[in-house]
Each structure stands twice: as C-alpha cells, then as structure tokens.
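Below you'll find the structure I mean.
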C-alpha cells in the first residue's frame, strides 16, 4: 500500500477535560481517538484533582487541514483556565479513507 | 469521659493513626503510595458497604422516624452552601467565583468524614441511627448545585449574559453529579439492602461489615498521603483560608448537631449529622467545579477540603461535635 | 417453595441485585466502573477459591462417585458445541463461521454462572456435590476446540485448502486455552486443595470461603456494568440471536440437568451441571475465536454470551433448572 | 553523538493481536518494541473483548527501509478482519547499531 | 494561533532511572515532562527489576537546540550501564513561551 | 516429628504449594499473572499487617527481653554483608562490584521469607516472639549500606577518586532505603500498633490478622510466577552462583539461629531470626544497587535472590533452621 501524509495531534490535559476534548474533536471531523493515562508536570498552576500529576494523553490521527483547526479550537476554549498542552506531528498512514468521515 | 480523654481515644484510634502515618510518609518524602486501583477499589467498597448496611437497617425503620431528620438534612444542604459562600466572600475576601467554588465543597459532604464519625460514636458506645446513610445521600448533591448556581449567576451578572454553552455544561454537570460514583453506590447499595433484607445480608456480612474497619485503615493511610501532598500548598493559600477551613466546619458542625438533636436524632446520630454538615466534599465537588467554574483556583478548594477541613474534622471536629451533642442531650 | 417464590428469592439475592445495579449504572450513563485491576483480581480470587475448596472436598470423594458425573460432563462438552452449531445454522440462519464462533462460546462454560448456581442451590438447602469444580474444569475446553475445528473445517471446504499457517495458529490456540487463566487457577487450586487437605485449608478459609460471597457481589456489579455496555448492541444482533440466546441455554440446561440426574448427582449437583451446560463462556472463548475465526463478527458472540445468556441464566435459568431437577428427583 | 534518521512505526490494535504483531515485527528484523495499554475508538466495527475500548499501542524503532515493509505485512494480514491502525513517523536516534540485528 | 517548530524528546528506560532523568532534563532547561508506564523489550542485557519488562516512557517538549543537548547528556551518563533508548522528533506547538524557562 | 515429616508438612502447606503453582504457571508458559496493582496492594497489606501486629505485641514486651535479640540482629546486619562479599569474591570468583551487589542483597532481608518462617513455626506449635517484626526493621537497611559502601570503596580504589556526584547519589540512596515502602509500613505499623494497643486493634483484626494467611497464598502465587520467570536465567548465572545461593543461606541461617538462641529467643524466634539472616532482599536492595553500582550485573543478584535463595529457604531452609534451633534448645 502507499503511504499518505497525515497529521497526529496530541493533547496532554487534566483528566476532567478529556470528554469535552473528544467531543470537540469529533464535532470537527475526527474519526477516532486514542487515550493514554499518563503522569505529568508542566509550569501551569491550574492543575487539579486528588492526584495532581494524573493527566490524559489524547492522540488523534487527522487529515492535515484539520489539525490546526482542532488545535486552535482547544487553545481558544481551554488554554486560559486549564492545564494542557497540544502539539502536532507528521505521520504517514495507509488507508486514508479510514480517517475520513462518511 | 472528659473532653481530653475523648480526644486522646480518638487520636489513638487506628484510622486517625493511619491518616497521620500517611502524612508522615509525605513529610519524610517517601515514595510510598497506594496503587491507584487499590485506592479506587477501597472507595467503591466503602461506599457500597455503607449503602448496603444502611439499606438493610432502613428496611427496619419507619417513615416517621426518618422524616424530620431527612428534612433537616435537606435544610442543611440548602443553607450550608449559602453560608459558606458569604463567609468566604466577607471574612475570607475571596472573589465571587472562588467563593462559589469553595461553597460547592462545603455545601456537599465527605463520605470518609461520615464514616469516621460513625466509627467514633460507635466506639463511644453511642452508635448512630441505622438510617444515617440515607441522610448522607440527601446531603451530597444539593449543596454543589446551589453553589454552582450562585457562581454562574454572579458571573452572568458581571458578563450580563448566559451563553447557551453554559446551559449545556450545566445539565451535563447535573447529570454527572447525580450519576457519580458515590451516588450510584450509596443509593444502589441502599436499594439492594432494602430489597434483600437482613437475612440475605448475612452471608455477605463478613466482607461488607467485618472487613470494613480494616479496609478503612488502608484507605485513611492513602488519604493521609494525599492530604500530605497538599500540605506544601498551605503556604500558597494563606492563613485566612486555613482559619476559615477550621471555622466553617465548627459553625456548620454545630448547626448540624443542633438540627439533628432537634429533629430527634440520638447523641450518635446528631454527632454524625454534625460531622456531615461540617465536612467538605473532595470527590464529587472538584470535577463539577472545575468544569463549571474554571476560573476558580483549584489550589484553594482542594487544599481547604483535603489539607485543612478533613484533618481538622477527623482529629478535633468529630469529638467536639460529640461533646456538643452530649451537652444538648442533657 | 412455589416456582414464583423461588424466582423471587433468587431475584432478591445480593448477587442478582448487584448485577442489576451494574446494568442500571450503564442505563443512567454513569461513568462508574470497577478498576480493571480489581476486576481481574476478583476473577483470579474467585477461580482460585473454587479450585481450592473443590480440591479439599475432592480429597474426600471416591472415584466411583465422580466417574459417571465426569463422563456425562465430557459428553456435554462434546455434544453442546455441535448442537449449538446446528441450531445457530438452521434456526438462526447464521453463516458457517459465525455459527462456529457462537458454538465455541456455548460449548464452553461461564465460571460465574457456575458459581451463581452453586450459591443458589445452597440457598435452597440443596448444596451441590463438593466435586463440582472438577467437572467445571472438564467442561471448559473441549467445546471450544470442537467448535473451532468445525469452523476451520467448514472454511477449508470452501477454500479447499488448509494453510500451514492455520496449523500453527491452531496449536497456539490449543496451548492458550489449556494454559488460560481459568484452567491454571481451577486445576492448580484443585491440586493444591487435594494435596493440602482440610486441615491446612482451615487457616486460609476466612479469605477463600468466608469472603467469597461478598467478593462475588462486587464482581457481579462489574459484570452488570460490562453486560449493560453491550445492551445497545442488542438491536444490532437482532431478535433471532436474542431468542436463541434464551432457547439454547434452556435446551442445554435441561440436557445437563437430565444427564446430571441420570449420572447420580443430587438435585443441587444436577442443577449446577445444567447451569454449566446452559452457560456461554465469555473469558476463554472470545480470544481463541478471535484469533482462529477472525471473520466471525465479535458483536454476535459477545452480545449473546454477555448480554443475553448470562443474565437469562442468572435470573431465570438457574431457578428453572432447579425446578426441573427437583421434578426429576421426584 | 550524532543523530541518525530512523523511523518509528506505531500500531494501535485489539489486545488479542499484540503477540502476533510482535512476532511478525521481530521476524522482519525489529530489535525491540514498546507496548502501552490505551483506550481507543475508531470507526471500525470489528472491535472485540470484554472491555471494547481497551487497545494496545505498539511502538517500534526501525531502520527506514523496514518501516513500510512491516506496515504492509500487518495491513495484508490484519486490516480486513481486525480493529487496528498503523502509522510511521520520522525520528532521530543515537546509536544506530543498537537497532540492527546481529 | 501560529504553529512553531519544536522538538519532542522521548526516552524509554528502566523505571529506576526516571527520577534521575527528570532531574537532568530539568537542570538543562526543560519546563515539564510526561511519563507513561510501558512494557518493552530491546536487545539490552542490563534490564533489571522484579518485573523485567516494565519500563518508563518519558516525553519532553523542548526548544530545538535543547533536544540534542539532553539526549547527549543521557547518552553519556546512562548508555553504558543501563537499559534505555532515546529519540527526538519534530513537532509543531502553539504558545512557545509556555516551554521557555523564566 | 522427624525431619522428613517436617519437610513434608512444609511442602504441603498452602503457601509453598501456591508458590510452586506460580512456578508451574511459568513453566507451562501460561500468560497468567497477578495484576500489578494487586501485587503491590498485597505487599503493602502484608507489611502493614506485620507492623501492626508487631506493634500491639511490642506494647506488651519489656526492654530487657528485646535488648539482646535486637543486639544480635544488628550484629547480623553488619556481619552478613561482609561474609557474603568475601564468599562471593573468594568462592564465587565474582568481580568486586558484582560481589558487593550480591552482598547488599544477602545482607538485607526478605519480608516474605520472614512471614513464611513465622507461619511455619506457628504451624509447628512454636510461635515466635511477638517482637520479631521489630527485629525485621532492624535488619533491613544496615546490610545494604555496608555492602554499597564496600562497593564504592573498592571502585574508588581502582579509580583512585570519589566523585562528588557519588556522594549525592549515596545520600539519595540512604534516604531512599530508609523511606522505602517496607520501612514506612513496618515502622509505621509498629508505632501505630504500639500506640493504639490491643483493644483498638480488635476491630481491625479481621482484616489484618484473620485475612493474613489467605492473602499470603495469593502473594506467593505471584512470587512463584516472578521467580519462575527468572528460572531461564539460571543457565546464564551458572552453577557457582546457584551453589552459593544455597550455601550462603545455610551459613547465615545457622549463624542467625545460633545467635538467636544465644540471645534468649525461643525455638520459634531463633528459627525466624535464622530465616531472616538467610534470606536475600529483592525489594529494597535491587533499586539501591542499580543506582549505586550500575556496572553490577542485575541478572546475577536478581536470579540469586529470587530464583535460588528464596525458593530454597521457603522449601528447605526454614525447616532446616527449625531443626537446628530445636537441637540447640536440646
């Protein structure tokens, strides 16, 4: 099969945000997600929860033009008040049709 | 027993000692902590056990006996978030949003404080009424919603608009609090206990009743570790919040004991109701507040609940409320 | 007791109520679930506990008493996957591969159903034979292998070749099923129990026997949550599979009770054997089927096992088999 | 030390596949692997297991020419019947000799 | 917001190393970290611990010029005696100021 | 009882059988293993339980009775790392660093071996002194520090310098060992037990005492799996280390029993002290060694501790030390 250029958007956030972030990314066109439970620290002060280091890492495979759109949506809604970071990277996938909404 | 003896007995009880060990663990910078899954397992177990036992005993209570205590519990659920809000605003000089966030915690209830109070009065030979867990479920959610409503209202007044987004969040939060872990397990346990009755409870009693106190020791060890991790934040939150984190439980606790006594509860029952009113939620309230009032500083409410009010109630508050209940009972 | 009273007693038993609470938890869309590690821990504990107790009691049984029941159990292990396959093909009109996949589940056994049946007959005052866990280990694997062989054979006939790859997978699957969690713990427990005997069992009894029923309540709460999560798939699988998910356990259960009675088992023992035959595996079978018959739709077999047959047996099937066993016993 | 261009192949799959995938990647020349337990959803229908969201994330550091080879092998064997995705990305490593088979 | 080119440094190591690695990366200027518990195998012989496969995966978002510096520091201190790998990849972030030390 | 009967009773005890089942699990390449969190939870529970009970019993001991046993325990803590170092150097022909790493393990103590020895002597009707857990805490850390100091010194002599980095590590290790999981739980448990006394212990006894032996069975199952996973390394480490992994516990065990007897311990107490001396740490020592002596090969010390010495002590060593203690006691 042929490799196609795609984007992987990663978000690391307070667990309380996960479900909102997944909803937003789905609304904007993502076809799936992968969540990992991680432990993290940054320079943010807003961290919350009984276990302060506990974070969720969300990874989303996306068509390139969607990546910045989702990142900006999250930045606008959450950067001010919540503890999270987001970044994107280039990946090569097979089966691009699998990541397109029908 | 003199007040001093009571304090001493409480201080030397396994659960208080386990809590202190947890704090020491953090103070000496040990890496020990309970596995996350053990902590959740224990909290599930404790909540379900309270529910089951409460349900079995509820099946032996009459509506008359419960009606007044239930009524004053709901009153407490409506009054304490409001009093907490104003005290935080006026005495603590907190901003509107932070005060509302704190009020959501103090208007709700900490299940572990409830359990500790029950254990304490039992140890004092004044076991509380069997229907206390029912009251616990009544007190959990109203306070959170009232405080969040205050916060949303105050914010709306400054912003002069309520976004539709806000409404969506609010109904999601309402759902989340009502179907949260503690509500499902407490209410579910109550219903199961009520339906199955004392005979069917017998074979599962070794796990849910005989094992309860030992499990509690492990849980309080971890609570101590969690609270200990917050101790360093005490400096950040400052003396005003620390003082209010002690004053508020005294006020709410006294009110709870008084209303409990007035509604016909025994000395044990009034003490437990006082402890419930005095306690601050740290399981149901924080995520709800974080989503609804994101501008509120989590360090304030988490440190106040976990590192000030919980230890205060556990070590000093509960014996105090007990003394007050005894005094009221003449 | 009338049939109705028996059903009622069963419905109001702690484990059935806990299972229902788990389903309700999902229906109200609560996020509550047991930590994954607690779920695995409980299942390890339950399997080992069955094994140990079974082993201790086996040490007091004679070969004569076990021989016939063991024989009919093996017969059930050979017959039920075949009957399941044909019923799914003919009545359910499923494809060959899906029918074989379903047969692997119905030809094997669910340990929790086994436990629930034991608890039920005990509650009815007709405790089953102590060697039942031995029968459980006999029934676990043959059905899976037979059904997978049917599937492989049917597929080979259409493809007119068996790849060598297939053979490798098959021996891997054989190994995996035989050394799976439940086989190791059940057989291992049996051997330990047999070797150590009743006296050495005494000090570990508080954990493995007294605590058993309480632990089961927690486990069934999670089973209810897991089954509840599958309820939405009921629409996808359609009425035919739902009906067969009820019919098949009735048939297999009746056959199991009949053969059990015939082989000399007591009313309790025959009921438990019936429940075993009626039950569908959802631990050992699914991964084996997924690897060997990847074209089979997992939604079919998982929904049928977990969301139809398991609840049916738990709530209705077991009391039904009991009534039938009582009737056979005259 | 000097940075060398390498590939990281990621696979997210049903847990039941992990051991087969690790065998295949080893057979094709990978010298190691890293597995993370994750939770995920896509648009696949074939997902299985008691806990349907539970997935395994497998990461393999590889010489560039091996990456596509492994991805294609997995695509051929598993894409049709199983729930999985795979993608590759560029990484820079130290010690290339560590990732070469002896 | 605008995307800025940054680096993500990943380290997979024996759990016993995590805290030293976090200290080193902080000393060299990292503003945070994210740790995931993983299971892994390589061709190293030095692996230790009661559960030999248990590893820690550490991810650090960094200004590009810091990436190689940290990787080299780890290589020098740990490659000889410990079980670990490290690699870097290109990512695009928002808010570069969040990842700068004050 | 003859030596043979004693060995047999030990071999057929639930914990030894569970350990063997764990090894078999690995030998048949089963994927079964206890969830990581269950394993840690059990180890936390077991350590705290030992501490609590030890503390309660300590509150009933006098200083006189403990003084000499405590003294010989500290002597063992200083002598065994040195003897282990020289035996590994001279008889085993290991390098300086590897010998020091091994010495850190053999100079410290395995809590599970301690527990197994306690269970064994209790089963033999010779329950050990209640203050044995106090001795356990004394023996845990000195050996590690002495052995690591030997290693650092030997290395420095070859490198002719001690880096300041080394000093930083050393104080970190010192802190880590002293505040490690086992020290916190054992010492913390002892202090809690001592403070609360027997009466307050009563309500938590069902969990911490009645449940102890059952929990131990589960723990040893996993220990068997962990040890079984190391069996394949036996070839790598070679016959010399395997032999020394048996010789060393015999020597240290005999010394421990002898000193225990001499200091006034009962047959049970002397046996347990012997088992402690004979045992090799596999929780506190490995990470400390890994950080301080990274050049040492972990395969050596982990295989020797887990796959040679622990099984040897569990199956053969403890009964042997018991026989020796009985013989000394005349």
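Note that the chains are named A, B, C, D, E and F in the order they appear, and that numbering of residues resets to 1 at the start of each chain.
Operating definition for what follows: a contact is a pair of C-beta atoms (placed from the backbone, for glycine too) under 8 Å apart; a residue touches a chain by one contact, two chains touch by 3 or more.
Since we're looking at a predicted model, the values are computed, not measured.
J.: Going by the touch criterion stated earlier, list every chain that contacts chain B and also contacts chain D.
T.: Joint contacts, listed by label: A, C.
J.: Could you tell me which chains are in contact with chain C and with chain E alike?
T.: Where chain C and chain E share a partner, that partner set is D, F.
J.: Would you mind working out whether chain D and chain E touch using mostly the same residue numbers, over half shared, or mostly different ones?
T.: different
J.: In terms of C-beta pairs in contact, which of A-B and A-E ranks higher?
T.: A-E
J.: Average the CA atoms of each chain to get its centre, and name the chain whose centre is farthest from that of chain B.
T.: If we average the C-alpha coordinates per chain, D ends up farthest from chain B.
J.: How many degrees of rotation bring the Cα atoms of chain B onto the matching Cα atoms of chain C, given to the nearest 5?
T.: Rotation angle between the two copies comes out at 120 degrees.
J.: From the C-alpha centres, identify the chain that is farthest from chain F.
T.: Relative to chain F, the chain with the farthest C-alpha centre is A.
J.: Measuring from the mean C-alpha position of chain A to the mean C-alpha position of chain D, what distance in angstrom results?
T.: Centre separation, chain A to chain D: 20 Å.
J.: Where the centres are mean C-alpha positions, what is the separation of chain E from chain F, in Å?
T.: Spacing between the chain centres: roughly 35 Å.
J.: Go ahead and note the Å separation of the Cα centroids belonging to chain A and chain F.
T.: About 47 Å separates the centre of chain A from that of chain F.
J.: If you average the CA atoms of chain C and of chain F, how many Å lie between those two points?
T.: Computed value for the inter-centroid distance: 42 Å.
J.: Return the residues of chain C touching two or more other chains; collapse runs of consecutive numbers into ranges.
T.: In chain C, residues 35-37, 206, 211 touch at least two other chains, as defined above.
J.: Counting only residues that touch at least 2 other chains, which ones in chain E make the list?
T.: Touching at least two other chains: 36, 89-90.
J.: By the touch definition up top, name every chain pair that qualifies.
T.: A-B, A-D, A-E, B-C, B-F, C-D, C-F, D-E, E-F
J.: Which residues of chain F touch chain E in the complex?
T.: 36, 226, 229, 282-283, 286-287, 290-291, 294-295, 297-299, 302, 306
J.: If we count contacts the way the header does, which residues on chain D are in touch with chain C in the complex?
T.: Going through chain D, the ones touching chain C are 14, 16, 20, 45-52, 54, 81-82.
J.: Taking the complex as given, what residues does chain D use to touch chain E?
T.: By the definition above, chain D touches chain E via 1, 3, 6, 8, 31-36, 61, 89-95, 98.
J.: If we count contacts the way the header does, which residues on chain A are in touch with chain E in the complex?
T.: Counting only chain A, the residues touching chain E are 10, 12, 36-43, 55, 57, 68, 71-72, 75, 79, 85-90.
J.: For chain C, which residues are in contact with chain B within the complex?
T.: Per the stated touch rule, the residues are 12-14, 17-18, 21, 24-25, 28-32, 34-38, 206, 210-211, 213-215, 217-218, 221.
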